[in-house]
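I have a structure here, written as structure tokens, and I will follow up with some questions on it.
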Amino acid sequence: MQRIINDPNLVVEDMLSGFIKCHRDLVSPTQNPRVLKYRQAPIAGKVGIVTGGGSGHKPAFIGYIGKNMVDAVAAGEIFSSPSAKAFYDAFKAADAGNGVACLYGNYAGDNMNVKMAMELAEDDGIAVKTVVANDDVPSAPKSEPEKRRGVAGEIFMWKAGGARAALGGTLDEVIASAQKAIDNTRSIGIGLTPCTIPANGHPNFTIEPGTMEVGIGHHGEPGIEVTDIQTADEMAARMVEAILPDLPFAAGDDVAVLVSGLGATPVMEQYILYNKVEELLAEQNISVYRSYVGNYFTSLEMMGVTLTVMKLDAELKELMDMEADSIGLKQFKE
Amino acid sequence: MGSFSNQHGAAIVTAVIKVVQENAKYLSEIDGAIGDGDHGINMNKAVTQAEARLAGQSVDMTTALKTLSDIMMDDIGGSMGPLYGTFFRQMFRVSRDKAEIDAELFNQMLNRALASIKDIGSAKVGDKTMLDTLEPAVLAFEAKQKAGESFASALAAMKAAAEQGRDSTVDMVAKVGRSSRLGERSRGVLDAGAASCCLILCAMADSITELLE
Amino acid sequence: MQRIINDPNLVVEDMLSGFIKCHRDLVSPTQNPRVLKYRQAPIAGKVGIVTGGGSGHKPAFIGYIGKNMVDAVAAGEIFSSPSAKAFYDAFKAADAGNGVACLYGNYAGDNMNVKMAMELAEDDGIAVKTVVANDDVPSAPKSEPEKRRGVAGEIFMWKAGGARAALGGTLDEVIASAQKAIDNTRSIGIGLTPCTIPANGHPNFTIEPGTMEVGIGHHGEPGIEVTDIQTADEMAARMVEAILPDLPFAAGDDVAVLVSGLGATPVMEQYILYNKVEELLAEQNISVYRSYVGNYFTSLEMMGVTLTVMKLDAELKELMDMEADSIGLKQFKE
Amino acid sequence: MGSFSNQHGAAIVTAVIKVVQENAKYLSEIDGAIGDGDHGINMNKAVTQAEARLAGQSVDMTTALKTLSDIMMDDIGGSMGPLYGTFFRQMFRVSRDKAEIDAELFNQMLNRALASIKDIGSAKVGDKTMLDTLEPAVLAFEAKQKAGESFASALAAMKAAAEQGRDSTVDMVAKVGRSSRLGERSRGVLDAGAASCCLILCAMADSITELLE
């Protein structure tokens, strides 16, 4: 394992410790070592935004803590949901008395831990409502949205929810905006190499050199098809074709596009993919209102890429346009 | 019919700790086939923390179960945190204030643990989860216990049913959890949670059997 | 090769095309397809900031185009200097009549192409001065600074030079600030895996699994020592010990620290390294005024990391604190 | 003593294009040992672009040399852009307006090319660069030419000296360019630029020899 780690069982602890040291101006620790919060949180009068999930997805999740973004994050082990206690402590760190929007991804562990954390919060009188991201198209048929995973589309959900909260939205309004964001978002991933959880020491799945796995999940969950590796243009076509009919997106739509690397794929290659994606969207008369390319939501050192497209209306445009200051997403007001 | 004292019952938790530690790699490998390969890591972290927290103390079974449950709920997360957290929590709750643990009480402990896991996880038998081990094992214990057989023979029946339940997952298609997204392709291998649940139930059974002797 | 590319000989073209599509709000193409410029450049009254270098270092170099940063960039082939013509065209794209500061890294090819480009610019009456970054400590002894390579410290040089230009500095003042920045900056890299130029199809150097290469260059230039792989803490110590005595840094110093991944090393691990680096600096009574961790200057899909430390005085602090808006470095004014 | 016409001399550039294309992988491999492994890619890109630009045209040697030089300077970059760019540029400048190329003119072409490379690159013989091929090759040609030997035999001497020069780099320590940072560890392998320069000079010599027949 060619890794920069100390005790493989303590990578999350060591990482959090370095993250806090590095970003003192933006992020603060809390009593719970697995919970980080925006330095200003809780912000008086504002709904708190919380998320959480397994580690290994840098900059997700803690990298999206910040201004007009997420107020507190519960960090789990690598690829494993944070504990109920961690979610609960994150709720407390984010709540200023206006309630908490817990915006997270659809994974069994997260669902259970959030459910238990909400029971604990209820006893404390903290109002918590949730939006569960399920943007990953290949993870289940359209008829079973409750089985679909949340992937990089979560970033758009946080952006929209975080912006609505910053604009003074009530808990129900924040939930509505975040739900609208994810309901209008679709994603798909392609995996090119497996990844290794440091404590495991070897990959727990394989992708044969010369092949690619379409629809792979953020933890290496198997995709829907393994084929010979294709050109960037063919990959882009494969991804766009899977996403567009699912919402469906239609001619005349304005969209936000996010191409994220899975960790070890050079950003150069992500731009090569994006080049074709935008071309294909233009052919369908779908115009890109905002675009993001880079390692926004990764899976350790996996090679591969995800494509996320969100259909925008006036409200979502306003929310996407808002200034944001987090490690993973910094955006100036135009 | 036999019973054992709560005071010496922490041996059960010690046995759980040991069997998980010894099988951590095996459990991660099973999870790797159709899950994300961390089940052994998650379980090992929990029991090893419990081992540390219990080290040098002489506590009763209830306290040891509570310790394990607290760690699951506060520090472990994943699916295992809430599922095994609630499992050990119900066992601790039922056994609290009881000096002697007999088959009837253990039956209650098992049933409450089973019910709480079904509640939080909303899975059922046949979904390819730890429930496919747990439910038949609990039912087998209950049947023997209700039939008035000895604690030890009820435990033996539980073990046999747990193993059979675990193996039954091979031919199932996962319906909940991470692997459920695979559909048909999740068939043909064991479920990791079913495997760990079997190890845990068998380790408990063996250590109780020893305590009964 | 598990890559997302089309024709391996056209990766730079395809990447630039995607980059321009994605960042229309910040970056514009020029007549020369190998030259990109800040959308606002040339900026009246401001000295133009130009850089350039081989491709494969995303976000360097084009990712540092932007507000208070670089005005125009010449992009070469993968790991190969841009042509003299490209540098010359970048000078023209950046020059508003106040001259151009060409801030680039010390590589033979870049030196020759910049020299020829400056001759062309002289004929046009464009004043061009240069600062040549040489922050990489292991690349040559302290007594031969003219042989040292420029690595991630270039980012601090651009930040300082860009800020000085934005503050209205003359060409000589911009050059002085950029030179001061790089003179006070030291870097070192550790490589963990090799990388593959797509057109080559296989790595052109090897790092045996289980070993690490201390002092590796940004193109895989061999380092000064190959040892068994160490823990993150040991790597941090190795790097800090190589850097501190070279300037030298001393107790009481305020510094800016940049930990950059080389491409495929997860950002999580970079924070684990940073955690120890800051601790070691604190032990020496050196305090971190600003810190950056992430993939700021990469080498395709190499695994490994670079550490860069810059000693700050009041002027450099002011320049580092300035707002910046580029793809690779976005910084809000506090 | 022989000469060839500028009008038919583009064959020399065609020969350069071909030899570089055929040896691209070999050149990158050499560069990979102590450089960054792209020398073959860089050179191949230049000659292949030149091939495309010259395709279907019938130009003279001077024009073909200028085309190659322009591409080197405008599109190639690296070290090779300026070094070979200036090399071919000087050759084109010296031969411009000349109908016939004889040994004396070719000697001037070589000498101007050599001087310009030394100027831009500031390297000298012994530094482990293309100069270790070029300088002895040019001197060998000049010696024969000055001694009044035939064009063909001067070319043969140039080839032999180029090969010897190239091989001399094996035992050198690199003093300039990327590999110079390696110090002693750059010893023991060929220099990539010395290898490409040898290929190019020999290809030129062979095609001129054919033109002379």
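Chains: A, B, C and D, in written order; residue numbering restarts at 1 for each.
Following the convention adopted for this analysis, contacts are C-beta pairs under 8 Å (C-beta built on N, C-alpha and C of every residue); 3 or more make two chains touch, one makes a residue touch a chain.
Bear in mind that the values here come from a model prediction, so they are computed numbers and not experimental data.
Q: If you average the CA atoms of chain A and of chain C, how far apart do the two points sit, in angstrom?
A: 29
Q: Chain A to chain B: how many Å between their CA centres?
A: 33
Q: What is the distance, in whole Å, between the centres of chain B and chain D, each centre taken as the mean of its C-alpha atoms?
A: For chain B versus chain D, the centre distance works out to 76 Å.
Q: Return the distance between the CA-based centres of chain A and chain D, expressed in whole Å.
A: Result: the chain centres lie 54 Å from each other.
Q: Mind pulling the chain B residues that touch 2 or more other chains?
A: none
Q: Two-or-more-chain contact residues of chain C, please, as numbers and ranges.
A: Touching at least two other chains: none.
Q: Testing understanding: with touching defined as stated, what is the shape of the graph linking the protein chains, line, ring, star, complete or other?
A: line
Q: Got a list of which chains touch which?
A: Chain pairs that touch: A-B, A-C, C-D.
Q: What residues on chain C touch chain A, complex-wise?
A: Contact set of chain C toward chain A: 2-6, 11, 14-19, 21-23, 25, 55-56, 58-59, 192-193, 207, 209, 212, 229, 231-233, 235, 263-276, 278, 288, 291-295, 298, 300-301, 303, 305, 325, 327, 330-332, 334.
Q: Which residues of chain D touch chain C once you look at their complex with the stated criterion?
A: 28-29, 31-32, 34-38, 41-42, 45, 72-83, 85, 120-121, 176-178, 180-182, 185
Q: Residue numbers of chain C touching chain D in their complex, please.
A: 9, 34, 54, 76-86, 107-109, 112-113, 115-116, 139-140, 147, 149, 197, 199-200, 204-205, 217, 219-222
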